[in-house]
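Notes follow the structure.
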């Protein structure tokens, strides 16, 4: 009998997280309601001027996703800390890098589904037009969610074991996400409105570069973070 | 200034630190000499910067803050670069010295970075008319600073020394990697918007003062890192005693 | 039987912050032999078992399992070693069967669902297989953890307080299980406060006090 390989291991970790999510629905419910109220609060804070809201809608959308991601990432490693399940996984055995890949995929998928739930809400609250370039919009959302999930998974694995873990995760994660946020908001904006100067491709490229950099750094660093040597 | 000047600064500090760590006889005096030379150079910098150098063409006397502001930001970047070097070195081969040096460079880097960003903001107000602007240098330095503030907080919240060393090394690498991405993203973002020109025309006298300032703070950077490193080592030593000998009653199996 | 020891501890020390949990421990256990690990709470038993299991590694010194250094060869050793510990490694929101199927698939067992049903039957949890672990009592959780040990059929079994939380029937079954492992040639390390029970199951004894090896291990 041969233990599961890298990708098979990642798939099993991802599937396990889905099973947990399916049973409890904790993460999706929490993140959806949290980001819904964030979006609503933005529209209250900015007042009723629909033009301002429409113009800034991409920023509100991404801030909603970003704030919710902290809850979702934290929960994703809380389940591993509960009965030291992370140790159990490693000893099962599964390669730590498989855990990284599975967790990133799981977190990115969850955030992407959250984004899809939020899109109709942005239409209702901010009157944006989703039909201009839906392909690019989906791509921007997907790349952005991977961009949050890749560094977020590494930071969350660390902070779930530190004191004051709820404070530590955003403190570590948010500065690193500055360029991702800038690129994701810009890309989303040009997918929703006129893109006179053809800006969209370069922002999507920047997002892709960000994702690839953090996926590879995370892939290399994550085993050192979770293995107790 | 030539493109290689940051590399040269980095090389000088690393060389000094390596000498300090590798040659025990230099440990007692080198940092003191460095601090002394730094203080003398600082006095000279006050004179050079305030009286000798001519007022800047567009900003008049306000521009004189650059002689301190620019060196501060450079020192911060040098310190963070050494920090990420230590982080990589620690992940390759565990060593309490690299961890202590990482702690020292992060803290000293945050000190210089905070000073640099603060002065940049003070400079921006009369120059650009705002306290804050989307200048790639300003944003990258600030993001770097924030991520190292997070790094230091994380260190202080992690109790186990080994985990702290490993995790903070990972946090350092993840934070540092964002530096070039922030830089490019802000540059691209700016290309859409008209932003005040930030080109500075420095004449040769001003260039000399800027370099003088840089070298001055290099001495301080070295001395600060060394002292902070010694504090970190002293704290570790209390935690790193050798394991107790086996008890006398032990049997031979 | 080969001459390579199943477990070889060489001057092993483990530090927790400023404290040494285990210090300067050396011991050799031949394959197929069984070791009883005794000592008070906090004497370093659990830490030692965790180190042997490759869940963590010594700060100083070396551990070799079947001749292979643990830090270096963890990927190769982990499929052969099983740890039954205080922390049961279970996901509270998965059912017993889901927890074990995940473990079986990670181990690469063929026919995971059927094998899992079999071991759940053996530990007497077949009826509750599809209930989430969150609803289980401590003893039932222990049984799920034992079932995972059965799945793995390890070459080296590390049992930390295997009798804790079990009812008398469970304890008897656990004893049977340990004997079964031994008959199959597995090496067993057993940490327990039930010294008489432990001694009847093992040939050697290692007594720890504050992470150090103590003389009273010689059989009385």
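The chains carry the letters A, B and C, assigned in the order they are written, with residues numbered from 1 in each.
Simple rule for what comes next: contacts are C-beta pairs under 8 Å (C-beta built on N, C-alpha and C of every residue); 3 or more make two chains touch, one makes a residue touch a chain.
Just so it is clear, the model here is predicted, and its values are computed rather than measured.
Using the mean of the Cα atoms as each chain's centre, the chain most removed from chain B is C. Chain centres defined as mean CA positions place A nearest to the mean of all protein CA atoms. Look at where the CA atoms of chain B average out and do the same for chain C: the two points lie 48 Å apart.
Per-chain Cα centroids separate chain A from chain B by 31 Å. With centres taken as mean Cα positions, chain C sits 37 Å from chain A. Residue positions of chain B touching 2 or more other chains: 159. For chain A, residues touching at least two other chains, in rising order: 228. Shown for chain C are the residues in touch with two or more other chains, of which there are none.
Partner chain B is touched in their complex by these residues of chain C: 13, 15-18, 20, 23-24, 27-28, 59-60, 209, 212-215, 217-218. The part of chain B that touches chain C in the complex is made up of residues 159-162, 238-239, 241, 243-247, 249-251, 253.
Across the interface of their complex, chain A is touched by residues 91, 139, 143-144, 146-147, 149-151, 153-154, 157-159, 163, 166-167, 169-171, 173-175, 177-178, 181-182, 184-186, 188-189, 192 of chain B.
The touching residues of chain C, counted against chain A in their complex, run 53-57, 71, 74-75, 78-79, 81-83, 85, 87-94, 98, 102-103, 105-110, 132.
Per the touch definition, chain A reaches chain C in the complex via residues 1-4, 9, 12, 16, 19-20, 23-24, 79, 82-85, 87-95, 227-229.
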